[in-house]
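Reviewing the structure listed below.
Which chain is which? They are A, B, C and D, in the order written, and residues in each are numbered from 1.
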Amino acid sequence: MIQYFSIVLMLVGIYGLLSQRNVIKLIAALNIFEIGLNLFIVSIGFVKDGLVPILTSNNESSAMLYVDPLPHALVLTSIVIGVGVTALALALAKKMHDKYGTYDMDEMGGK
Amino acid sequence: MDFILSVPAIVVGLFAAAVLAYLLTKANKILGALITVLGSGAALAAMLMLKGDINSVQSLGALGFKLTDYGWFFSVLMLLIFFSVSFFNLYWMKKIIHPAAYNFLYLVALAGTVGAFTAKDFIGLFIFWETIVWASMFIIPFGKSRNASVVYYAFSAFGSLSMLFGILYLYSKTGSFDIQYVLEQASMNTTYALVAFITIGIAGLVKIGVFPFHLWLPKAHGNAPDTFSPILSGGLVKAGGFAAFLAVIVMPSYKVFASNALFLGRELAMPVPNYILVFLGAVSIVVGTLMAIKSEDFKKLIAYSSVANGGYIIIGIAIADSLSVGGAFMHMFAHALASAAAFLSAAAVVHRTGTTKMSELGGLIHRMPLTYLVYLIAIISMAGIPPMSGFISKWMLFQSMIGKGMVFTAAAAFFGSIGSFLYVFRPLSAVFLGQLSPKHESVKEAPFLMQVPMIGLSLLTLLFGVFPNIVLRFISDILKTAGLDGLTLNGLVISGTNGQLNPSLVSLIFGIGFFIALIIFIIHPKSRKVDLMDTYTASEFIYTPELLHYSYAFYAPFERLYENAPSTEKWYAALIKKIEEAGQLVSYTFFNNKPRIIVFWMVCAVIALLWGGSL
Amino acid sequence: MITGILTGFGILLFAFVWQTSLDGINRKIVGRFQKRIGPKWYQQFRDIFKALSKTGVTHGWVFDFGVMMALGGIMATVMFLPVVGYSAFPGMDNFFIFVYLLAVGMLGMAMSSVGSGNPLAGIGVMRALTQMVGYEVPFMIVILGIIFGHNTSSLSELAAIQQASGIMTWNLVKMPIGTVVAYISLLGMLGKKPFETFIAPAEIASGPMVEYGGKQLGMLMIMHEFATFIEVTLFVTLFLGGATTLFGFIAKYFVVYILASLISNALARFKIDQVIKFYYKVPITLAIVQALMVVFLGWGV
Amino acid sequence: MNTSFIILLIAVPLGAAFLSVLVKKLGKYFLGAAIGFNLAASGILAYDYVSPVIYEIGGFKPPYGISLVLDEYSLLGILLLNVVFALIAIMACKYIKKYEVVLSVALAALNGVILTGDLFNLFVFMEISAIAAYILTTMNKNIKYTFNYLVLGTLGSGLLLFGIAVIYNMFGSLNIMDIQNRMAIISYPVAGALVLPLALIFTGLSVEAKLLPFSGWARGVLKDSNSLVGTLIVSAFSAAVLLAFGRLIDSLFVMSDSLLIVFTVVTVGTLILAEIAAFSKKNLREILLFSSIAQSGLVVALFLQGLKSAALLVLINNVISKMILFTLAAKIGEDNGTDKLEDLKGVFLKNKVLGFGFTAAAMSLIGLPLFFGFIAKANVLVSLFEANNIWLPMVILIVSVIEGAYVVRMLTTLWNTGEEGELAKAEDAKQYKLTNKVRLTIIITIAAIAIVAAGILPLLQMNDWFNFDILSFLTDGLGGV
């Protein structure tokens, strides 16, 4: 279920990219897309009835069912990268606004 | 045999000479040009000395060389043309934008030519073939048009890449590049043979400038530097004959496809592929002739005439009997000499007057009589009139065509033959005869070193017109090694399918006739010399020589008859336009810098990938 | 060799005498046609020798050289012609020699006349060459049929083949369409109306001949007689079976030539583009039909 | 052999980047040192190379840890990359100022892209290199295009990550070799199930590899770029991404026939359309960027056909010649204020040495004999024919004619002055400028000589030059020294 939801989120992000011409909204759409993606990745690690994959004194047996921890690690990296890209994009947006005085891509002219 | 006197040595030597010429030209332009003379001369001498070594095999690294008899024939012809033209280089150094590069590329092209004709392997043939292409591709824009070079390259690349396709296809099937072996293998399998025939055939057709690939000739020949046009027209174009010869005779396609012949059981039975070649040749004759008649530019006119003559060569090779192939070889030989001489005389005219537009010239015979004679001999040969070598080849080709009863082809050939009178006469009339323009009053004869090769080529044309059997004997040997019957040569007489020709006798009788005319002329009262302007003008007074010179739109009534004919030039222009439009469309569709549109394409593409992938 | 050349001289002499006389006779016939008395039959000789003896003008060396080349080339062509079984060089009287050796003479004349610097000469030559493209192609296609059918291109052999059994083996009978085409072409070759465009005295002042006088004119007149002789003899040999006797030859020649002349007097002049259009509509179609008949159906072999 | 050089190829430039941030003034030297080190390290690795090495980061055994793979393929990759990167940096060093950090990061990331044996790690390196590229392209002063690049690049790498996640979901591993092994033992038909992830990965990589229609950013970013940014993107970045692409195709892409056809259509379509677009362009850099797109299409198409060696030859040829061509095109554009062909007639008269370099590179690009490009082209065609593929050679050859036409147009125009119908005259070239930089001249000359030498020597030395395996040549020819 969560997987469908995340895919829908990704599609919303892509729809945003398709329909928006405002730079900030584009960045937001990108972010929505990334969030959907990250949710998706997290969701694939899910194991029904799985435990937190941390060895504690309560669950010493390695035969127990764990949630896959790797996607969480991946998502952390992905989020970090996403943040970096968003920051860069916002910086670019600022510069564009300085130069063209607008956030609308179509109003910026040029070829 | 030692390496010093061998084909690889000639090729390497020419490359070395090219580098030397480049360096020396930087120091002294004339010195560099001299290297082209010496280099090509030495190579010619070496190749002539190698006549005894025909069929010897040598290698240079991974490249093999085999001196076949036809390879020797072509090489000598090319070297002769390059050597003759190289004298002109001495005078052109100031007119060429990159003299050093010119000399370098001149010799590289020559090395490529020798290499291509003597390569043992197909891949070697291709490498040298392309070397010629790129060397000449850089020389052509030194002349009057940059676009000409692009056109030249595009056509040449089409031809040579077609050949590459065939070469590699056959390599993947036979596992070898050896020309002899591959063609032998190909001849045993109809599919391979067809691929070889089409691909190598296209290379030949493009190179020799046969319709519909003829467009580059007028462009490149007409606009190349004046010293390089004779090389292109007299020399490099003939490489197309070489490729066609490989495809049709050496393979031999006419035997492979013998069962797919039209008109089986008749004299004119001929395999369909050969018929296609004959057809294209016939069309080129007509197109080349008509376009040559229309040309206003001296060099373009000769270039179109090369198209027509290429048609004869292809027809000769495609008919594939000994007389026709012998005729084609002779025609290549004769036309090489004649068109080189014609272009050289054009170059001499340009050297003195600075233009090739026929309407701006006139009456130069009174200033440059020798150039005029050279041109006269060249056109007599090109029009196939005795006693020049062009007559011999045309005679052989006509014999063969009539023997086969090829009505339509012969009709085209006759048209081209008579039409050639029209176009060769035009420069004669417009450039050399008629009124001398006052601005050319002080023009002088071409300098001595330019006269040397012009006279040399003319004498050769005359020599082989009077005694063609010197060449024909060798051609006969080539035909025999290629599996055809030899020519029937008997002393001075050539025998065709339905007649005999004794060129020496014809020349002798012509000489006697001329002598009688001379006597009649001499014994009668001497004429009074009057000025050119002192002519019948219906009592009008005209003082402007240019106005009394009939040269512009010379054949206007005839041209009008076909001015609306479909034009391949326009077709190609439209094709290029379409490609450019398609390119712009791609550029604006996918590269418009609007994220949402490109994202849209991306989404479409992903959907397409998923949909297509899951089919 | 020497006998051959001497025979050639003989033919040359005969050709000159006969054709020049015939030209005079023709002038008389035409005169009668036009309700004139006409000149004497030897008037043409008089004209030629008078021209030769006069002092003319020259426009430079090519003006003279071209005339010599023209006359020399034409005379050489005549020497190859087989006439009444006499052939200077048996086996060498190849049809193509006539076509192309004739061209030497034509080229010489064209060169000489354009060398005069008169644009009318240039226009005349242009028209002559254009017309040549018109008539030569149909003519040569017909000849292709003949050579293909009889498997020889030697004129004397072709004549001999036709003489095998009287009139029925003449190409006139066996290839009637071709003969008509060839005759139309012959009119063009001879420059008779309606194909007289390149001379057209009223338009372009006789075209190529505009500047000539004196010995150059005389030589060109001789050349013209020879050229006419070659062309008519070609027709006689190729289509009328040649001739075994002198009388037969003269008779056939007379008919062919005078007929052409009469046609000429009855018709008006074409424009040059009309000439080409005409030749490339009717005669060329007929010629190809004829040639196809010979090649594919074997008719007329 | 010291395997730690493998990780150092990434670590040293990364370290240099950190140090440059700390000590801004010395950034230039840190970058120089990193580049120098990478050159030396890749040289040493090549010299010592015996057999494939898997370097486990942190000692974790694959598939649990991230591993770097040094085999012939990545060895070739790092050699090419580091050499090209170094040459570009030297040639365009005047633009480096203020961008030392980004360049160091880019160097580290590109090395990582080539070396990594882990899918997610690949994504990370790709993303880092892409971010570096975004920042570099801000040098063009046209932020709009950079933003466009950023949006597309991010979306692309998002799709790549999506695909990787699906793969992980299916096979439970991120290590490429491990996945490969698991694919072999899975019972259900792998090809059908892999359509979604493969299509996503293909799309994601295609954005950076400049395949149509995913490469909409390329024109805006490259058409006004200077000799640092543009050249890096068309040669170094392009090389690394294509190499990664090739590795994935080689190891992961178990394709159904229909998927192979769709991918081939995209790549071959890229080849054809981009060459046509290049043909229609009149500006130097635009022509070159479209040509670069087309070549990428060809390389990926060859990888898809399983012709690794041929693809690598094309790649090498393209990278080296594009480096020269784009550097000079950008320089011409900068010196003369325009890179429009018709305003640059005869510009090489001003500097013939650079002209020769440009010419050699261009002729190699179109694959004329006696230049390296011909060796590459012959290999491509021979191996295609040996794989019984006939239509692809046909397409390649027909497209070559178009390619040749625009390259020749470029060459003839740049060498010769004069309008159409006029004689080319040397005096007409006076208004142009093409300044002479010693570094640039030396590098261009050496590269041009290398191209020619690599075009002639195989003809003389190797009997099977049209059929040689670059990877085994690397081990036998270089590693075995």
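The definition used in the following text is that a residue touches a chain if its C-beta (ideal position, glycine included) is under 8 Å from a C-beta of that chain, and two chains touch if they have at least 3 such contacts.
This structure is a prediction, so every number in the text was calculated from the model and none was measured.
Relative to the whole-protein C-alpha centroid, the nearest chain centroid is that of B.
Taking the CA centroid of chain A as reference, the farthest chain centroid is that of C.
Chain B and chain C have CA centres that are 35 Å apart. Centre to centre, using the average C-alpha position, chain B and chain D are separated by 42 Å. Here the CA centre of chain C is 75 Å from the CA centre of chain D. In terms of their C-alpha centroids, the spacing between chain A and chain D amounts to 29 Å.
Contacts with at least two other chains are made by no residue of chain C.
In chain A, the residues that reach two or more other chains under the touch definition are 14, 17, 26, 105, 110.
In chain B, the positions touching at least two other chains are 593-595, 599.
Under the contact rule defined at the top, the touching pairs of chains are A-B, A-D, B-C, B-D.
Per the touch definition, chain A reaches chain D in the complex via residues 10, 14, 17, 23, 26, 30, 33-34, 37, 40-41, 44, 68, 70-71, 74, 77-78, 81, 84-85, 88-89, 92-93, 95-96, 99-100, 105, 108, 110. Taken together, the chain D residues at the contact with chain B in this complex read 144-145, 147-148, 151-152, 155-156, 159, 192, 195-196, 198-200, 202-203, 207, 212-220, 255-256, 258-259, 261-263, 265-266, 273-274, 276-281, 290, 345-346, 349, 363, 368-370, 374, 378, 381-382, 385-386, 388, 390, 393-394, 397-398, 400-402, 404-405, 408-409, 411-413, 415-418, 420-426, 458-463, 465-466. Taken in their complex, chain A has these residues touching chain B: 14, 17-21, 26, 105-106, 110-111. Residues of chain B that touch chain D in their complex: 60-63, 95-98, 123, 126-128, 130-131, 133-134, 137-138, 140-147, 149-150, 153-154, 157-158, 161-162, 164-165, 168-169, 171-172, 223, 579-584, 586-587, 589-595, 597-599, 601-602, 604-606, 608-610, 612-615.
The touching residues of chain C, counted against chain B in their complex, run 5, 8, 52-62, 64, 67-77, 79-80, 89, 91-92, 94-97, 100-101, 103-104, 106-107, 110-111, 114-120, 122-123, 125-127, 129-130, 132-133, 136-137, 140-141, 144-145, 147-148, 151-154, 205, 210-211, 214-216, 218-219, 222, 271-273, 276-277, 284, 288, 291-292, 294-296.
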